[in-house]
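Below are two complexes that have subunit A in common, paired first with subunit B and then with subunit C.
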Partner chain A sequence: MNEPLRIDLQNITKRYDKLTAVDNLSLALGPGEIFGFIGPNGAGKTTTIKILATLLEPTTGVAMVDGINVVENPNAVRARIGYMPDTFGVYDEFKVWEYLDFFAAAYKVPKSDRPGLIDLVLDLTNLSNKKDAYVEGLSRGMKQRLCLARTMVHNPKVLLLDEPASGLDPRARIEIRDLLKELRNLGKTIIVSSHILPELADFCTSVGIIEKGKLLVSGPIDSLIGDNIGVRVLELKVPAEDKATASKVLGPLKGVRNVAERGEFLDIQFDGGIDAQSDLLLALINAKVRIICFGEVQTDLEAVFMNLTRGLVA
Partner chain B sequence: MTIPMNPIFEKEIRTRLRGARAFQLLFAYVLAQVLIIGGLVWMSAAFGTEVPLGEIGKSFWALTFWMQLGLVTVITPGLTSGLLVAEREQQTLDTILLTGLKPTHIVVGKLFSIALFIIWLLVGSLPVTAIVFLTGGVPPSEILLAYVLLTFSAMVYGSIGIASSAVAKSQGKATLLAYTSAMALFIVTSIAAVPAIGGIYSEARHTAYFTAINALGAPGATTFNEMYFGINVPAWLVSGVINSSLTVIFTLLAAYHLSGCQPCFAIALRRTIYGMFVAFAALLGGANQLHIEYIQLFAFIAPLTLVATFGTGSSANASAPGSIWKRVFYGHDAASGRLFAFFTYTVGAIVIFGATAAFRVWTQTDELQPFTTRAVGQLLVSGLVNTAALTGVAALGMRLVPGRWAALGFTLLGWATPMFLLGICTAFLQSSSSSALGFIAQTTVFDYSQSPNTSHWIVTAVAGAGCWIIARWKR
Partner chain C sequence: MFVFTILTAGDGADFRQNAALRVYLGIAAAIWMTVQTAATMIPKEREKQTWNAMLLSRVSLREIVISKSVAACVPGLLIITAMLPMLSIGLFVSGAAWHAMFTAPALMVAMLGIAGSIGMLIGAINRNSRSASLQAALLTMIVLGSPSLASGYPPIRGFTDVLVGSGSLPTALTYIGGSLGFTALVGWLAMLAAKRGPGEFDA
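What follows is the complex of A and B.
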């Protein structure tokens, strides 16, 4: 049997008076996929997630979760998603297990199933030893994990996590990351947004870069870095007096897009193949440029992001 | 089988009764009663009057009960006004709504938790009330009934609080709104309770109306009957029906508002108010021996609240263009709100007079002396003039002061204050007030039954038109 796509966004646009928060965005995710939503603040990540969470209606376009339209049948969608907002509150006067029990009851989980379920999510989020503690006394990272535990209390197929690791110290961040990896193994479909790239690179099966409401690129990380962009940065270190010559030589060469000075280095934006790269070195040597160091800068998601969003980010 | 618990109810009860806070409040509640009542008893004992013990018991019972009423009226809106706005401020509201819990469940769960808490306070203070049993004079059934009525009142004030909590943007505004609305309701309904308060101290059983809708009248009104369209109805039943309907209405409004659909809320509010208003007008008209002063008050207060509530607010014309009917009942902007106020008042006034006429034909009585055709006609006109003038005030309010609530306050105070002062002056000039109620009526709307004061209509109309012109000036 063909399982419906867990998340299916078709040409979603959300407009407020003059502002277009999301512009013609499409996205399809199956089971077990973790999609990293990357973009600067105000790019439209939260809006998109809120549309999926049935909190906002798209101006145009169709949004489906597990084959159900979010506008037509929001209640059925709500039972299938766990949503963690970017800013959230917890009930301080509750104990940890009471907090989870309350939400389980609200999600209509039968009373007899709740204790086992609560233990399970607490174990998953590493909070078992805090079961009887008051929420008030938890650290920020723990509250964040508690909130994550809350999103899973009704065993949803889809998790929508808006900046789950924001404001956390590195250690708490790594914990959240490990938790997400574990959830991926459970076969959940997860959308996780962040404006911090390395956070996502590690465990997402695919990422999308959003800017000014437009999804600029999306796909598996490797292909994003390699094929889609294709631009590599080569760095070259030469003595100061040779810099001008080097720039002159490099400029007209095949595959060279741009040469920029960065301190002692020259950064060459290059979209040619490996052969062209050796030709480049050969040309420099023939021009009697004394080379101290030459190599490829490791392109990561961050570079891709900077490249794509150049000039767009205010 | 277990009854499915409302999770919100469970949560509220659990957190409210946690720790010492709730018990401290109970202690303070009982202590306040003991001190105040003890003081009163001590004072009356110092005078050393020789009164039968039963009479003392009666007075004591009324005093304890009013004490409770005062405390409940003060505590309940305070407790409920924070409930929803707190969820919003804590950013937990979305999370709850996403669980699939319906807004109605959320509001009802919260309201019932407060009701239970209030009942808990009342039961906790029973030992103080029980002193009545030592003195005698009050049957236990009356006491029980009065407590039931008090609980109904508490529910109304609680639902007002929760509706304020759903509407307001911040904790402070919610509290302010809850207390102002609760106090306004208390004051308006307390007028109806006056005959019942008298009833406590005399054996005479008056025919009066809505004597128990304010619990102020509950100790006296438990044995009252009220007559509508010639049918005897126990006062407590009328109170129960009216107060529980009010509770349901405010609760539904809160739920509507929570569902996030602002136009739905505004439209639902209009329809509810319209239904209530017309039903109330029919009851007033069908009531036997109704004082004309009630109607006079109605002709002043009704347009004032209607216009202030609906005639201020969003100035954007959000309603779809269409027939007047459509604009009135499907629109939700200030302009169509004023139209709505005017329409509702007119229908209400016609219903009152229709019901009165029908009652007369039906019962073939001519007891309704004050209800001469002339007085009725004058009241209708004065009400309409009032409404029309008020739309001008509302428009001016929206022009002059920023924000919805400021405009509302401007409309209420800006109109009521000069009218009240003007009324006092006229009352002094005419010196014709025969009763306290008549005085209030005269100070607010002129006594049209006695002196057809067309000059007042002109003053009202000119003032209203003036406001309208200033509001439109150089827009």
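What follows is the complex of A and C.
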């Protein structure tokens, strides 16, 4: 039997009076997927995550987690999700293990299973050496990891992480990123929202860009870049005396929009396919242009984001 | 000593006539503390941003509201417990009916239940503990300081009769049962308010 989609949003809309926070958003994620939610502040990321977390009800549309409707059966959904909000609190007066034990008890984890589970999540979040420390004495990064440990204490299938790395120093961010990769390997489905796009690109299996409540695009990062950056830039390095010949050869070729000089390089704006790209090389070689270097300038997620969004909020 | 004095002052008739207001002082303190404690419990969780985490656990909202109400009643219960020996002596000296030894404390506890549930309701509809505390203080002052309490208004007089042991057993049981029922009703409203509150507030 096929496993149900871990996350299935169908035409979700959330309105507050005249404000539409989420507008007809659809999304489907399977097991082991990490979905990066990208968007400017106020775009609707947190609202969408809160709907999945059963903290908000959609105005229209259907939201399912592991095949269960979040509105009709929120308690069953809560057992399957771990939610880490962008701003969170902890009980400062507890020790780290007590804090996790408290939430494990709240999640009805059997008492005999709790010590092992707590050790496991502490190990995953690299907090084992702080097990007996008071929460109050932890640094912000450690508290963030503790919060993440808390979301995992009942072994949920789906993790909803709203800006998990916000406000952290670079080391702590890298640790969170490594942790998410580890969780991906454990088969968790993760939705993570972040403003730090290169980090998302590093570990997300797919991303979605949301603006003014609308999901503009979503899919694997490579296809997103390919589909949304119409013109790619190829860079060519040739000896200075061959530059003129190269420009002359490339100009009329199919897919070439423009050839411009940039220092030692020639930048070729190109909208052709991969075969046409190799034809460029062939034409240059036939024209006896001596090629030192030829390749595509990498377009990253930031470029796609900037290309698609206009900084609008809902 | 002060409480002892006010609870045991005078013999039977005096006690019944005057002790109502004197017992009232003790129970008023317990109610005040209970309402104040209960009213700030949910807003404090919201302020610390731990409320959503609690809601998303498998503990039901009913369990959360009931357990917080019970916890809020603890200071008041301590006051009542401290009053209990002196109240018993007072009732004994005044020649109150035997059942008053049980019904008076039971009604006090039931009144704490009302205070706890009202406090929870105030807390559930407030986003921060300061406003909840203020509203709780105002409400408690209005209710406890109301002239009707001292004027012998029959329903209120019934409470005080039970507390000082001059009410009949059926009357006492009626008031205890009624208080518990009212506690359940207000507690249910508090639960509804708490359920509605957090997600929408935090959006």
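Operating definition for what follows: the second predicted complex is superposed on the first by the 241 of 314 C-alpha atoms of A that agree within 3 Å, B and C clash if a C-alpha of one lies under 4 Å from a C-alpha of the other, contacts with A are read in each partner's own complex, and residues count from 1 in each chain.
Convention: contacts are C-beta pairs under 8 Å (C-beta built on N, C-alpha and C of every residue); 3 or more make two chains touch, one makes a residue touch a chain.
All figures in this text were calculated on a predicted structure; none of them were measured in a lab.
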| item | value |
| --- | --- |
| Fit-or-clash call for subunit B and subunit C when the two complexes are aligned on subunit A | clash |
| Touched partner set for A:56, first subunit B, second subunit C, both or neither | second |
| Partner chain(s) touched by A:111 [first = subunit B, second = subunit C, both, neither] | first |
| Partner chain(s) touched by A:94 [first = subunit B, second = subunit C, both, neither] | first |
| Which of subunit B and subunit C A:79 touches, first, second, both or neither | both |
| First (subunit B), second (subunit C), both or neither touched by A:16 | second |
| Subunit B versus subunit C as contact partner of A:103, first or second or both or neither | both |
| Region of subunit B that runs into subunit C when the structures are aligned on their shared chain, from 1-9, 19-27 or 73-81 | 73-81 |
| Residues of subunit A that lie at the interface with subunit B and also at the interface with subunit C | 53-55, 75, 78-79, 81, 83, 85, 87-91, 103, 106-108, 150, 154 |
| Subunit A - residues contacting subunit B, complex | 53-55, 75, 78-79, 81, 83, 85, 87-91, 93-94, 98, 102-103, 105-108, 111, 150, 154 |
| For the subunit A and subunit C complex, residues of the former touching the latter | 16, 21, 47, 50, 53-57, 75, 78-79, 81, 83, 85, 87-91, 103, 106-108, 150, 154 |
| Of all residues in subunit C, those that touch subunit A in their complex | 48-50, 52-60, 198-200, 202-203 |
| Touch list for subunit B against partner subunit A, complex | 2, 5, 7-8, 10-11, 14-15, 18, 90-92, 94-96, 98-101 |
